[in-house]
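Down below are the structures I want you to see.
Paired with chain B in one complex and with chain C in the other, chain A is shared by the two complexes that follow.
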Partner chain A sequence: MADWSYIPQVLVSGLGIGCVYGLIGIGFCVIYNASGIVNFAQGAFVMLGGMITQVLFSRSGVPLPVAALIAIAAVAVLGVAIERVVVRPLWNRKATMFVMILATLAAQIVIERLTLIAVGDQPKTLPVFTDRPPLMFGSVAVGYQLIWIVGGSLAIVGLLAAFFGLTRTGKAMRACSINREAAALQGIPVSRMLALAFALSAALGAIAGILITPTQYTAFNVGVPFAISGFIAAIVGGFGRPFGAFLGGLLLGLLQALAIVGFGAGLKNVAALSVLLLFLFIRPSGILGAAK
Partner chain B sequence: MSPAVAARTQVGAPPPILAATGLSARYGHVEALHGVDLHIGEGELVAVLGPNGAGKSTLLRAIMGLSVNSGEVRFRGDVLPRSDAVAVASRGIVLVPEGRGLFAPMSVSDNLELGAYRLRDKAEFNRRRERVLTLFPRLKERLGQAAGSMSGGEQQMLALGRALMAGPKLLLLDEPSLGLAPRVTGEILETLGLLNREGLAIVLVEQKAPLALELASRVYLLSLGRIVAELDPRDITSHDDLAQHYFA
Partner chain C sequence: MTISPSITSPERRPFRLVGLLPWLFAAVVVGYAMVVGGYAATVVSFALIYAVFVTGLNLFMGFAAQVSFGQNAFAAIGGYGSAVLTATYGWSPLPAMVFGIAAAVLAAAIVGFPALRLKGHYLAMGTLAIGLITYEITVEWQSVTQGYLGISGIPPFGIGSWEVTSDRGQLVMLSLVVAACAFAAARIRRSRFGRALSAVAGSEEAATALGIDVSRYKLMAFLLSAGFAALAGSLFVHVVGYVSPEVFGLHMVIVTFTMLYVGGIGTVAGPLVGALIVSLLPETFRAFKDYQDLAYGAALILLLIYAPRGLASLFAPRGRS
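Showing the complex of A and B:
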C-alpha cells in the first residue's frame, strides 16, 4: 500500500503537470472555437517546443530564453503552415470532423517521424530555468521549475483572458466561434482568424513543451500522450471553453499524481482515461458546460 | 428585364447602387432563386415582398455571396465576388440576416464594436457609436449586458445598430419585424425611414406588406424564386392586389 504522507508533495507535482495539460487543452479549444476542428497535431507542437529549444540550446549554444522564443515563433509558423497545407483544403471542401481528425493526426505522425530522422530517438532534456535548491514548505519541496510552470501558465491564462476580452482581434475570434457567418457579415476575415487560431494554439503548445521539458525529458514521440491528456483536459473542462480546459488540466494532473501514488505509475493513463469516461458518462458537457 | 425597368435604367439615370442580373441560387441540388434581375437606386428604399418560401432570404444571401449562386451582381458598377461574403461586406453592403445573427453571449458594447471591425479611425468609431446610441437610447442602458439576454425588440435594435457601425452604403434587412410587437416594429421602421431620408439605400424584405409599403419607393414581388412584379407602392391599395400578382 502506498505511503499517503507523500500526498501534499504529490499534489504539488500534479499541479505542475496539470498546468501543462491545461495549456495544451486551451490550444485544442482555441482551434475548435475558430473552426469546429479538433486538431490532433497539437501534440507535435508540444514536442517541437521542447525539442527545438533543446537543439538550439545544446547544439548551437543559443542562450536558453532566446532559444525558447525562437522555438515558440517557429512552432507558431508551423501551426499556420499546417492550417494552410492540411486543414484549409479540407475545410474548403467541408470535410467532416472525422476526416479532419485523421488528417491532423497524419500531420502529427509526419512531424514526429521527421523529428526522429533529424535528431534521433534519444530522449533529451533542458536545464531547469532557475538552478537553486527547492523551497521548503514544511515537508513539501517546491522546485523552482514548478514555480516557472505554474507562474508561466497563470500569466498566459491571464494574457489570453485579456486578449479575448479586451482586444478587437480577440473579440473577433470569439465572434467567429459563436457564429461564423454573422462574423463574415461584419467583414471579419474569418479564414485569417483560423490561421491566427492555429498560430496561437501552436505557440501555447510550444510553451507547454518548453516549460515541462526540464522536469521530464523530450523525445520525438512525447507528443501524442500530451495531446491525449490535453484533449481530456478540454473535454473535462467543457469543450470549447479555454478556461474550463485549464481547470480540467489541473484536475487531471492532480488525479494522475494521486493515481501514481495510490496504484503505481503504470496506472497513470488508466486514471486519465477513467476521468474521461467518467465525464463522458456523467457530465458530457464538462465542468463549465460545452460551448456548443 | 421588363420594359418598365429597362426604361428606368436607360441613359441619363445615375448608375444604380446595386444591380443584379440573372441571379440564381441553390441549396444542394435545389435551385431556390431562378435568374432574378433587380436594381436598387442610390438612396432608394426598395421593398421585396413575397410569401413564406418565395426566396426572399435566399435573394439577400445570394447578393452577399453566402449561398451557392451564379449570375452577376454589380455594386456602383463594380462586379462583386460571388462567394466571398467578407469581401462583399467590406464594400459597405451590410446584411442584417434572418434571426439577426447577434453574438448572443457577448455584450451589447462588444457587438457594436464588431460591427465596425474594419474601421481603424477612433474618432469616426466614436461618432458612429454615439449616433447609434442616439438612435436607440435603450441600447445605451444595456451596453454591458449580454446581447442574447435582451428582448426581441432590443435585439433587433442592436442588430440594426451593429449594421450602422459598419458605415453601410447599402443596408439589406431580412424581415426586421419578425416576432416583434407592432409598437416596436413601428419604432424600427421609423428609424429606417429616417436613415433612408438621410440618403442610405435600403432593401427591406418583409412578409407583412403594409409596413414596408409605407416606406418603399418601389416594390418587387417575389414568388417561387422569381420576381413576378415590380410595382409602385401607391398602386397597391389592398392585400388582394398583392395576392393577384402572386398567383398570376
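Showing the complex of A and C:
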C-alpha cells in the first residue's frame, strides 16, 4: 500500500496537472458555447503547442518565450483552418452532432500523423521556465514550473473572465451561446464568432501544452489523452461552463494524483475515465449543472 | 443522422439488378483472393473480419441511428476471451468463442443499461471511454493479457478435430460467416425489430408515441452490435494466431467508421463493400505505409462532407431520400 505521507506532495502536483486539464476543458466549452459543437481535435492543439515550441526552441534556437508565442499564434491559426476546412462545410450542410464529432476526431488523427511524419516518434521535452531548486513548504516541494502552471492558468482564467464580461466581442460570443438565432438578429456575425471561438480554444490548448511540457514530455500521440481529460473536466464542471470546467480540471487532477498513489501510475487513465462514466451515469449535468 | 430512414417497412422493389452490384463486387474480390491465395487471401480475410464488426456497428448506428465509439471494447473482450481460453487454458476454439461473445454481450448489457440513457456527445464520450478503459485494461492486466507483448500461439478456428488452417479454408469460413451476418442484417431490417429501430432512428418521441419501448430496442440493438463485434474479435485472433492491445485500439475505431461511411451507413451491403474497399486500397499504395492513418482520416473527412451516404447508396437507391 502507498505511503500516505506523500499525500500533500501528490496533491500539489495534481493541482498543476489539474490546471492544465482545466484550460483544455475551457477550450471545449468555448467552442461548444459558440456553436454547440464538441471539438474532438482539441488534443491536437495541446500537442502542437508543446511540439512547435520545442521544435523552434531546440532546432532553430529561437528563445523560449518567442517560440512559445509563435506556437500559440500558429496553433490559433490552425484552429481557424480546422474551422474553415472541416467544421464549416459540415455546418453548412447541417451535419448532425455525431458526424461533427467524427470529423473532428478524424482531423485529430490527420494532425497527429502529419506531426509524426514531420518530427518522428521520439518524445521531446522543454526545459523548465525557471531553473531553480524547488521551494520547500515543510516537507512539500513546490517546483517553479508548478508555479508557472498555476500562475499562468489563473492569469488566463482571469483574462478570459474579463474578455467575456467586459469586451464587446466577448459579450457577443456569450450572446451566441445563449441563442444563436437571436444573436444573429441583433447583428452579431455568428459565423465569425465561430471562427474566433476556434482560434481562442486552440490558443488555450496550445498554452496548456506549453505549460505542461517541461514537467512531462510531448510526442505526436499525447493529444488524445489530454483531450479526454479536458473533456472529463468539462463534464465534471457542467458542460458549457468555462469556469466550471476549470474547477472540474482541478478536481480531476487531484483525483488522478490520488489514484496514482493508490493504484499505481498505469491505471491513472482508467481512474479518470471511471470518473467520467460515474458522472455521465449519475450526474451528467456536472457539479454546477450544465449550461443548457 | 444525415439519412432519415423511412419509417415504413422497406418494400420489395421489382427492380433489383442494381442492388446486386455490391454483392457482385464482393464476390469478385473474394473469388479473386481465393484463386490467387497467399497474401491477397490474407488481406481479404482481414477485410471480411472487419465486415462482421462493421455489420454490427451498422445495426446500432445505421439502423437505430445511435452513436458508439466504444464497440472496439467488445471486440477486445471477444478476442481476448478466445485467446486466453484457448492459448492459456487449452479450451477448444468454438466454446472459447461462444464464451467470449457471451462475456462481451454481458459487458454490453452492464454498461449499456446506464450508457444508453445518454444522448449526443455524452453518449459519444461515454462509449469512447468504455473503449479506452478496455484498452487500458488489456495493457495493464498483464497476468492475463501479457500487456503489450500480447498472446501468441492461439490455435486456428475449428470444430473437434477439423481445423481451418489453410488461407483458402479461412477465406471460405469467413465468407460464410460474413454471408450469414449480412443475411441476418437484411432479415433484421425487414423484421418488426428492424422497423422499430427505423422508427427510433427517425424520432424517439414519435416512436414512443407509437408504443415502441425505445430504451429496450436501443439496448437490444447495442447488445446485438456488441455480439457482432465480439465475433469479429474472436475470428481475428483465431485467424492471426496472435493478439495484442493495439489490435483493438483507437485505430480500429477510425478504420471501422471509415468503412461504414465508405460503404454507406444504414445499408445492408455497405459494411461489406466498405470493409473490402478500405482494406484493399492501402494495399495498392503499400509504399506509403506511414501515411495510412493519415489517408483514413482525410478520406473520412472528405466522405463526411461530400458523400455522407457512402458508395453503396449509389448502387442501391432504395428510395430513402
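Everything that follows uses one rule, which is that the second predicted complex is superposed on the first by the 292 of 292 C-alpha atoms of A that agree within 3 Å, B and C clash if a C-alpha of one lies under 4 Å from a C-alpha of the other, contacts with A are read in each partner's own complex, and residues count from 1 in each chain.
Heads up, the rule we're going with is that a residue touches a chain if its C-beta (ideal position, glycine included) is under 8 Å from a C-beta of that chain, and two chains touch if they have at least 3 such contacts.
Predicted, not measured: the structure shown is a model, and the values here were computed from it.
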Combined model on chain A where chain B meets chain C, clash or fit: fit
Contact breadth on chain A, by residue count: chain C or chain B: C
Partner chain in contact with A:184 - chain B first, chain C second, else both or neither: first
Which superposed partner A:224 touches (first chain B, second chain C, both, neither): second
First, second, both or neither for A:175, with chain B first and chain C second: first
Which superposed partner A:107 touches (first chain B, second chain C, both, neither): second
Vertex chain A angle, Cα centres of chain C and chain B, expressed to the nearest 10 degrees: 90
Overlay on chain A, chain C to chain B nearest C-alpha distance, Å: 13
Residues of chain A that touch chain C when the two form their complex: 38, 86, 89-90, 93, 95-99, 101-103, 105-110, 112-114, 116-117, 224, 228, 231, 235, 239, 266-267, 269-270, 273-274, 276-277, 280-281, 284
Sites on chain B touched by chain A in the complex: 64, 66, 85-86, 89-90, 94-95, 97, 101-106, 110, 113-115, 117-118, 162, 166
Parts of chain A lying in touch with chain B, wherever the complex brings them together: 168, 171-172, 174-175, 178-179, 181-190
Contact footprint of chain A on chain C as seen in their complex: 1-2, 67, 69, 111, 114-115, 117-118, 120-122, 124-126, 128-130, 132-133, 136-137, 139-140, 250, 254, 257, 290-291, 293-294, 296-298, 300-301, 304-305, 308
